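Next, two complexes with chain A in common: one pairs it with chain B, the other with chain C.
Up next, the complex of A and B:
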């Protein structure tokens, strides 16, 4: 059984203005009321204050935003999120954000309100007031769901040939002691050019554990922005494995805020980029509480004229003692025209910490290649083996196995294409 | 480590905070085209220099002061800076050091700089800059014999205008940044070094900068050129008296290395850092330093020991244009009190098989703010480029911070780039090891920190390595607990 949470645009509004002007025309829905409507207005005002980022902003330095801001987008006729929820135990509730928000316990309502009030990413703010119907996934205390829930970000029947836009939004709230697995899927469903501006909020209460696999592939003609913001309470654990092939302009921002001690996060990403694929990756771990651990591993394979940015930051505030963090960024450049920007950064305001970071960029090792060739393996095959081995470190972490096999197949096919050149 | 120990560790005095009472012959306050004309006139500069300055000034007027470094400071009033301060001397221009005001020489003596010829044994040629002008250069004759030109910048403008015209502003263009433009407009003096083809400079060259006048800014300009197969090692040191007001030091250093040439540039910077408790006063050290490895197989190596200044903001960089050229950056940045440092390097790889090494050690003590910021850029045609970067931070006490902002921009598939960094505190285990062997806390900490900086100190020329170790020890004095 699959669940569909779609919003239909009954009165199809055709936009005529480029995005940078269209967004400013937002007006609150006349019928809207309640807390969520107020949050949206607040987000709109904050957006107006901040304005669109320019290349002067560190976080937007390399991205070519004009291609998005100058395009006229039409809202998708229907957009939203599909799930394979099957029959769920009553302790897991999936509802629209609209209807679910008012029923949320206050502590989570406040969390969402406060988080949005300090949001720096302008596009997340736009998602905030533009998204018509987000999704709320709520796991009650101590719920342990063995199987993973899959959510697909999609537009079911894109119509017309105009570029369209949609704003998926999911909010996961895990109460104390919950263990859950989630797959977030954004893959090709249309040949139409579009812009997806997605937002994922995650709240992990004490001792909760979430494993998120985020897959993005086959969206070469698409601009896709996604922000994932996770708040971690005491002893919680957040693990995120993501795989992407990039897109026309693709940006992923992951922000983890440690709000309780002894929590941990593990962010792992594999990007395989070719053609004119662009992928801008930002990850921040804010150690607001002590004794937390953050781990980041980002691996990128670049071919063709692909471009990528890996911008990771670990921020340890004053008195967040005994924090531990590790950042590792490894990049493999396989063509003359590919380009990578890497910035593994540290901001440390506490003294009793162990923080390290490393970045390495290079090509396939000649002596390794020679070793394989000397054993009668063709050059192409040897290159494939070595590139695949580079990718496997992340692929091996993907769960469940069915998904892992699927990703492995995609990566293999992609790499076969790359090493031939 | 006990809090008491950390507190004492952080409380230390600035030894070079004295002021020399010496009459000023001329000084110019405020900034305008007239100021620039006066400076140029005082220095009897040729027309092209005045044009260079005025052009820089006009461009500077259109530029905005940058605020992106991780440093906070009150706005600088550029009209309230003394742009030119010259000590009064018996004769218009001293022919030899005997004619230099003895008070002035004593100042340098106090600083441990031997200007007097009888101290030749020290074996180092020194150019001493007091406020805005060079007061004397030692060993000129001996250097000239070898063919090395080492003199103050003003002298060079008079005597070798064609060299100045050819190289000035070629590495750091006038419009490079706000402070470089300001320097280009108002710079007063500095050192000039020219090592002709095939010459190895017979001795270490050294310049010493001292800001003495309250409210004055020091805008010095250093230009070092090494022709084919030439070699020079150059060291600069800096101090200033204690004043409650901030003083601006906006220098520009340009290095040019031709085929197979090598330039080694070392800095021991110990400007007054401001009051460690209130953060009042101190030098704003906003410096642009850049070297161009223009020729094949050329090499430029920067070594810096940064212990002073209220705010340090500098990124000694290498433009690796020539094939097989090498860039190096070794840095120790120690911040204490309310000091803020945002320092690092840029390695721009343009030529083939270019290599660069970056070793940066940051030590934060007290309430200070210590940042490493560095760029490694591998251009499209820089086949076979290599970079190795290591930046480590050490935190002493829980009120300071250490940030690391490395930037990599890689456009060539044959590049090999490695970057490693770590942040930690002085390990309790190491300290315990020392203490259990009867070594006091202060000595233990100094030893551990010296060990932490060893990779950089070993790059300093002989005597200066000793000086730097002593300086570090001095800076860490009072750590007994």
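Up next, the complex of A and C:
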């Protein structure tokens, strides 16, 4: 058995090329037809046009891509999404993207086609033609689902030690007036190296509201990319709270397109990074319609030799009057070797807007530290209290409470490990 | 309890204390008065172990031990408490949680078990009555958004909870209106016992109308130039500090 297994592995290796070459070999399935197949081809062509980014690209300036592009990955057999929802009301349908897409009303099909036609993120394009069993989650008009739907981004560990790759793909469509909560959980606890390249699309029709919690933790020798693209129609509301911890090279990109007036988005992230973790965070709010509000609060705690980038852009087009935005990035650096690139940016072409941005990076405040110590609290305990207090601002916003408590526990444990050094 | 001998200390490379001598016994209340820049706050800070104050000469002995060898938290655990002139705001850290943490650190030091939030609340309820502090103080972040008077009261609450042997009140009267001053002083008086001592660092005599000192010391140019009883404070109030120079 063992011998046979080894031979199989060897053959696979011979057939595989480094990622940068392997993805170019993509061919459409001969039997594939329909709109989704056309979208995949469109994505592949756009990827060929754009090519892999280099450090000349602003959005890829700090990330070290060679470690991914030069790796030979074995494709995982599964889609990478697990969901156990129990019974759902008939107005919430989870289907494969493959089968569900063709049945979607044209308005949603066109939305996805148009978005991908101008996609700039090459890895999202790759996901588009590489993903195998994407999910479509469709909420019919005025559906109010009290409980959160949870999706785990993970695959069974393959045998052997080769790094593997998987492409989770989820598309959420919320029709008019829907209110929903979703948890995306990427926690694998495997030592096996892998690359996750995930793509999440969200469409919020008029008055729809989505609260998305995205959790990434317990991952070690991993590269994890995720793009979340949300299209917001009139009076819709998108709230996203993400927590990131760990990963060798992680990149999270959030793109919010306001397509109708009086919509709002609230993006919050807490990252706790240590060791040699690298986390690159990009957020773009495109105010294509007026009277919309976008808020961002990104907080990072860095220890060890961790590095992070917070690159957030608010873009207001010429006619998007009465746009409002707030960008705030606060970073706490606990070691001399940790590093953060904080780059809040504004591109404003309208004249009647209220946009503010701020960034602050620092260490623990000495006077606060002395104050706590002067009351008999040890230096270590005081550092922990202050660091935890920094994180709480985001943690306290996490819903539901079970998730909040879980994250709080993870953060506490992680920070205890950090302040001891 | 406390013996300071020929203490010299620098702040940011500048000599502020230039040979302070002071002896304090249990049961005593000492007032330290002096104009701005005379070194009053530096003397308070040096006792609490503030990292920006550097001792260059002299000694501080507390209960027979060299105090300067102890880290700030160790001094607190040994019974020293400084009420800050400018209490620090710590956003995100809950006041009751902070008080419990400090209280438990002391219990642990004495080999006692730590109290959970419910057990500690019983302790706290008695203390807030004693120092007449509204209960809402406890649910807020430490000093965050507190008014000047509220911050000073919060210091006294901490003092009540920690029951120090030696309390150093650094200009606790500054920034208080007369009602707040009276209420803070009453709180302090209730904490006075025969087995503890207090050092009141103050600018004005008015605090001493409410907390009667056993000794008054005048600090000028980094040295104690005159010591006496409470009548010295009244004399200074009338004549200023110039005649002492």
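Convention: the second predicted complex is superposed on the first by the 402 of 421 C-alpha atoms of A that agree within 3 Å, B and C clash if a C-alpha of one lies under 4 Å from a C-alpha of the other, contacts with A are read in each partner's own complex, and residues count from 1 in each chain.
Here is the rule we use: a contact is a pair of C-beta atoms (placed from the backbone, for glycine too) under 8 Å apart; a residue touches a chain by one contact, two chains touch by 3 or more.
Treat the numbers as computed from the prediction; the structure is a model and nothing was measured.
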| item | value |
| --- | --- |
| Chain A residues touched - chain C or chain B, whichever exceeds | B |
| Chain B versus chain C as contact partner of A:367, first or second or both or neither | second |
| Contacts of A:339 with chain B and chain C, given as first, second, both or neither | first |
| Which of chain B and chain C A:358 touches, first, second, both or neither | first |
| Overlap of chain C and chain B interfaces on chain A (superposed complexes) | none |
| Parts of chain B lying in touch with chain A, wherever the complex brings them together | 380, 393, 395-425 |
| Chain B-facing residues of chain A, complex | 318-319, 321, 331, 333-336, 338-363 |
| Residue ranges of chain C in contact with chain A within the complex | 48-51, 71-73, 75-77, 81-82, 84, 87-88, 90-93, 98, 101-102, 105-106, 109, 141, 158, 162 |
| Interfacial residue positions of chain A with respect to chain C in the complex | 366-368, 370-379, 381-382, 385-386, 388-390, 392-393 |
